[in-house]
Structure formats: structure tokens, C-alpha cells
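Next up: the structures, one after another.
Shared between the two complexes below is subunit A, which has subunit B as its partner in the first and subunit C in the second.
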Partner chain A sequence: MWKQALAICKKDFRSEIRTRYSINGLIMFIIVTISIIKFSLGEEKLSNELHAGLLWIIIFFSNSSGLSRVFVAEEDRGTSFVLKLTASPKSVFLGKLIFNTTLSFVINLFVVLLFLVTMDVKIASFGPFMLIIVLGNFGLSSVMTIIAALISKSNSKGSLYPVLSFPLLLPLLLSTINGTWLSFEGSGITELLSEVQIIVSYTIVIITASFLLFDIIWNE
Partner chain B sequence: MLSNTEVKLEVTSLKKIFDRKIIFKDVDFTLNTLDSLAITGKNGSGKSTLIKILANVFTQTTGQVSLSINGKKIEKQYFYKYIGFVSPYLNLYDEFSGYENLKIIAGIRGLPDNNIEPVLKRIGLWERRNDMLKIYSSGMKQRLKIAFSIIHEPQILLFDEPTSNLDAEGVQLVDSIAEEYKNRCILIIATNDEHERSLCAKEINLNNYKKDGTK
Partner chain C sequence: MKSKYFLFVWMLGVFCFALLYPIPFIPALGDKARVLYFHVPTAWVTVLAFLLSMVYSVQYLRKKDILYDYKAASAAGLGLLFCILATVTGAVWAKFNWGAFWNWDPRQTSIFLLLLIYGAYFALRSATESEETRAKLSSVYAVLAFITVPFFMFILPRIVESLHPDPIINESGKINMDRSMLMIFIASLAGFTWLFIWMLRIKIRLAKIELSELD
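What follows is the complex of A and B.
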């Protein structure tokens, strides 16, 4: 399963490098969003709590606009049959999950860097902050990968994606926002432990459920 | 592929409904190694639907498709290992060349790259192997789909209108592949074309599987 999954992931990366379906649009989206927030705020100083909320709103919408391509492009171009005829459903899902997690990591890193530079945010506990970003990244990509598989079969793909993923992601987003805020405030790992536990448990549940459900979604 | 492999494809009470309309019902047949079957019927009779269900890329409403190799039943999720499929609905990756497409597919299937050259030479695309798929003609794309279907030497070859868009040389190529496969495994062709139909020993006409009592 892992060999097939890695081959599918490699194919997606080569395709992305050659076509730049997702990455160009994503970079523009992130730059435009952060610029609009910066200009609308002017010289006003926001609290750390608001900064944490804003950061995860940008991360959520950036991922919404990029991660659906992984299945939507296969359905739109009629290439999903190629995957159905060459790999098991579990390998396809794992390959797409690895690709989306990596892409999401790149997106989030870019968002965080640009956000910190432009919004003048001070991170008092850098280690816990990065831990929340990395764990949140896994949770976000796992939900968005299975939702991408679901919406790829529908007609209104673009609008359905954020609408369907938001309620599913709410518990994760609340924990990541809280964790990010606490790290801005200087809390250590011990204070963040409950948030970390929620994020890790949530991600495990989503990935397990996705593997169980994907066969039905993929073959329908 | 081993020539002494015993393959059995069993279709039982297969039924497909789209939007409350019965496409076909009570489809039953069993095929063994060296059998060849033509699926015929008028436009909209469900030929492509049936062949997609057999390839496990589509689900039936009721009924069963079971595959066994040397007496061992194969789980549906592993059908892909034993099936080669060519269809007008199948598209390969436009952003890659013909060679790269087959290399990607070989990589996913865990096959060595040295299978690619003989297959591309056989289907007559070796000279154009480095051209991007987006500049291939429809006939060349059809040839590459045939290469995709045989690169792993499947036990069941499913062809849906295999000679569409092909020139005379391409039709000969399909003939030779069909002859080869029906002499060592199972060949199924969904078609309305008399020549393609004649490549198979058995026939199932889906016009006869529509309503109660009309079978």
C-alpha cells in the first residue's frame, strides 16, 4: 500500500510542478488576503487572541482553495479511472493524503511567515506555537482530503468545499486557535497539553473514519 | 502472464438503475479462461455501464460480480491487478508524455520500467514517446490507452469500442491483441461494430435485459 501511495503522491507532485494548478493561485490568494487585512487594520493593534483567530481563518481559507484539487482535477479530467484501474482505494487515499499534507504544510508555512512579518506579532513560546501549527496542519489536511473526495463527484464543487469542511473542522479550529493564542502569550507545553490531546485525537479519528469510508466514496 | 492460470468471471443477477430507470436487469453469465464475449445492444442499452461494472470502476444496483484466479476468490478492491480496460471515458494525463504516462502507471503498479519499451513499440508509439499527451491525436491517445490496458499483462481484457478513432493499422493492432488475449485468458468487448463483435465467440445483447419477462 505504501509503495503505491508514494507513487501516486509522486505523480501528483510532478503534475503540480508541471501545471501549477494549485500553487500559483494559492500564493496569490494568501498575498491578497494578508494585504487586505493589513490595509483594513491600518495602525490599529490587535490582541493576541484576535491575531490567533485571524491566522487560522487565513489558513482555513487558503487550504480550502488549494486542497480540493487533488480529487477534483482527477474527476474533471476523467483520469480518476486510471487510478481506479491501477491502485487499491486505500493506496489512492493515502497517496492523496500525503500529497495534501505536504502541500498544506507549504501553504501554512508561507501563511505563518507572511503573517508574522506583516502583522508584527510576537511569539513568546516558539516551540509550542510550531507544535500547534504542525499538528493543526495534519488535522486540516486529513479533513480536507476526505471532503475533497466527497465533493469531487458533485456539480457545485467550489462552494461545497468550505461549507462542508467548516462544521467538521470547527472542533479542530477552536483548539488550534486557543493553542496558538496561548503560545503567543508565552504558555509552555504543559498548559497546551489539553489542546494538543484534542488535536491529535481528532486527527486520528478523522483519518481512521476516512480510510473506512473512502472505498464507498471512491467507487460510487 | 502464466498461460496455465485458471480465471473465472461470474456475473449473477446483475441490475443497474439510473434515476429510477432500469438500464438492465437479470444479467447472468460465467466466463472461464479462453472465453471471449461481445456485449452488444443499441445506444443507451448499458454496454459501457456493464463493462465499467465488470472493471470495478462503477457499482451495480444489485447482483454480484465475482472473480477467481486458480480457484481463489479475489476481493473486489484487488480486481485492478487482473483487469485491463480501454474505454472512451478513460483519459490519461495530458501534462505528461506517452512514455511518462506509462512510467507513472508502471510505478503505481510496481512494475519494472523495462516493460514500457516493448509495449510502446507494439502499439506504434515508440517514435512519439516523448511528445506530450496534449498534442497526441485521438487515434494516438486510443493506442496509448491500449498500452495502458496491457502493460501489466492482465487476466481479463475489457475493451469498450476499442477501434474508435483508429486507422486501419490501429484496427489490425486491436485484432492482434484481441486474438492473443482470447487464446490465453478472457476477452470482453462492448461494441456495436460488426468487426469487433466477430472477434468474440460469445455474445450478450443487452436489449434483451430491460424489463420483466423480456429477457
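What follows is the complex of A and C.
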């Protein structure tokens, strides 16, 4: 299973590097979003709580504009049948999950970098901040991957993606926003423990359910 | 067939009693406590419909019988209706008790989440043409949505203190209500649940007729 999954993941990376289809669009998307926020803010000073919220809004929307491609592209190119023949559903899902998590990690890293450079925000405790970003990244990409599989089989592939993923992501986003805010304020790892617990257990539950439900979506 | 007339009379009675029967003095609520007779039963039916819809979805995934998908969609549709009713009655009450229609109290946030889930569920359904695919995708989505809801019980209480009055059965497990109020409340609860089941059965019967015409 791992071997097949890694092969699928490698295939996706190779096609991404050759075409640079999503990454170019995504980088521009993030730059545009952050400049809109910068223009509309002007000289306004924001509180740490607002900064945390803004950061996760940008992360959510840039992820939801890029992560659906893994499955939608297979349907558009008509290659999903070949994939069905050559690999088991579980390894397809695992491969796509690894790819999406990596892509999402790159996106989030870029968002955070740009955000810290352009916005006037000081992170009091950097370690916990990165922990929340990385853990949130795992949760985000696992929900986004199973929803991507869902919408790739439906007729409207674009607008439905954030609509479907947001209700599922709300518990995760609330705790990551809260955790990010606390880390801006300088809380240590012990104060963030309950947030971390929720994020980790949420991710585990979603990934387990996705593995059980993916067969049904994939073999329709 | 005759049961619907009985249901009508029952609901009429419940409404008359709920609106007119004198209620005991409750500090800070007064006559505004009457919303309890309508708000709590609709909220209860919302949760019941959500649960039923998820059970039918799982049944569909196990047995692949399209009728279960119709049942799940019917339950969800009625759930959405009752969810809107519960939200509106709650918001009107909040305007007069808390001063604003909407202020992101944890209870309001959780019912908003339910509205979002129902909305997304129907958006997904209308965006899929093939009947079988639609059934599969929406059942999977219903199950996924259902398993994320429990996380709210851990998150929401920590964000802000809720101002929402105690649940009917409070923490000590006692029912804290006047006898006459309790009677009307239980009658209303039974009436709304019955109304929901009656509507659901009509929808399912309609779905069966549509299915037999397709064959």
C-alpha cells in the first residue's frame, strides 16, 4: 500500500513540477489576497486577535483554491479509470493525502512568511506558533482531500469546495485561531495543550473516517 | 388518515394553552418564557431529524437501496425547516432578552453550524445529476458532518460563557419547572415530534410513488 501510495504521490509531484499548474496560481492568489488586505487596512493597527483570524482566513481560502486539483484533474483528464485499475483505493487516497499535505504545507509556509513580512505583528512565542500552524495544516489538508474526492464526482467543481469544507473545518479553525492568538500573546506550550489535543484528535478522526468512506466515493 | 385531524386539534390546543394559560413568575423572563413551548420542541426536532438523516445515510451506504437516500434527504429537508424555525424563535427571544437578534452565543453558534451543514448538504445534492452518485456523495457527506459535530461540545464552552437559560433537565438532573408548565411543554414536545413524523411519512410516501413511476 505504501509503495503504491508513494508512487502516486511522486507522479503528482512530477506533473506539478513540469506544468507548475497550481503553484503559480496559488502564489499569485496569496499575493493578491494579502495586498487587498493591506490596501483596505491602510494605516490601521489591528489587535492580535484580528491578526490570528485574518491569517487563518487567508490560509483557508488559499487552500480551498488549490487542494481540489488532485482529484478534479484526474476526472478532467479522464485518468481516474486507469488509476482505479492500477492501484487500490486506500493507496490512492494515501498518496493524494501525502501530496496535498505537502502542497498545503508549502502554501501555509508562504502565507505565514508573507503575512509576517507585510503585517505589523509580533509573535511572542514562536515555537508554539509554528506547532499550531503545522498541526492545523495536517487537519486542514485531511478534510480538504476527502472533500476534493467528493466534489470531483459532482457537476460543479469550483464553488462547492469551500462551501462543503467550511462546516467540517469550523471546529478545527476555531481552535487553530484561538491557539494562534494565544501564541501571539506569548502563551507557553502548556496553555495551548487543550487546543493541540483537539486539533490532533480531530485530524485522527477525520483521516480514519476518510479511509473508511473513500472506497464508496472512488468506486462509483 | 383520520389522525391528521386529531393532530390539528392537538396542536391547536397546545398553541392556545401555550399562549394564554397563565405561567408562574420567573425572574428576568416573565411572559417571555413562553417561547420555551415553541423554541425547545423545534430545536429538539432539528436534532432528531439530523440524527435520522445520518442513520438513513448509513443504511444507504450499507444496503445501496435508493429509498434510504430519499428518506435521508426528506429527514434533512424537514430538519432544515425546523432548524430555521428554532433559529428564528431563538433570535426573536434574544432580541427582547439580550438586546440583539444575534450575538454569537455558543448556542447560536451551534445552531448556525447545523444550518451550514444542512445548506452544504443540499448544495451538494443539487450539484449532482446522476441519482446514484448523488445518493453516495450526500450520504458520505452526512456521515462526515455528523462526526465533526461532537468536537463542538469541547470547543464552544471555552470561547464565551453562554447566557442561554438552563437546559430543561439541568445539571443536577432535576426538572426545574412548574407543574402546569411542564404539562404544556410535554404536550407541545409530543405535538411537534408527531408533526415531524407525519410530515416525514408523507414525504417518504411521495418518494415511493416517484420511485415506482421510474421503474
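Simple rule for what comes next: the second predicted complex is superposed on the first by the 220 of 220 C-alpha atoms of A that agree within 3 Å, B and C clash if a C-alpha of one lies under 4 Å from a C-alpha of the other, contacts with A are read in each partner's own complex, and residues count from 1 in each chain.
Quick note on the criterion: a residue touches a chain if its C-beta (ideal position, glycine included) is under 8 Å from a C-beta of that chain, and two chains touch if they have at least 3 such contacts.
Small disclaimer: the values here were computed from a predicted structure and weren't measured.
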| item | value |
| --- | --- |
| Superposition on subunit A - do subunit B and subunit C clash or fit | fit |
| Touching partner for A:Ile146 - first (subunit B), second (subunit C), both, neither | second |
| Which of subunit B and subunit C A:Ile198 touches, first, second, both or neither | second |
| First, second, both or neither for A:Leu160, with subunit B first and subunit C second | second |
| Partner chain(s) touched by A:Phe81 [first = subunit B, second = subunit C, both, neither] | first |
| Partner chain in contact with A:Gln4 - subunit B first, subunit C second, else both or neither | first |
| First (subunit B), second (subunit C), both or neither touched by A:Pro171 | second |
| First (subunit B), second (subunit C), both or neither touched by A:Arg14 | first |
| Touching partner for A:Lys122 - first (subunit B), second (subunit C), both, neither | neither |
| Arrangement angle, subunit B at one end, subunit C at the other, subunit A at the vertex (C-alpha, nearest 10°) | 90 |
| Shortest CA-CA distance between subunit B and subunit C [superposed frame, angstrom] | 5 |
| Residues of subunit A contacting subunit B in one complex and subunit C in the other | 220 |
| List of subunit B residues in touch with subunit A within their complex | 55-59, 77-78, 80, 83, 85, 87, 89-96, 104-105, 107-110, 148 |
| Footprint of subunit B on subunit A - complex, ascending | 3-4, 7-8, 10-11, 14-15, 18-19, 77-79, 81-91, 215, 219-220 |
| Residues of subunit A touching subunit C in the complex | 146, 150-151, 153-156, 160, 163-164, 166-168, 170-172, 174-175, 178, 194, 198, 201-202, 205-206, 209-210, 213, 216-217, 220 |
| In the complex, subunit C residues that touch subunit A | 61, 113, 116-117, 119-120, 123-124, 127-129, 132-133, 136-137, 139-141, 143-145, 147-148, 151-152, 154-155, 158-159 |
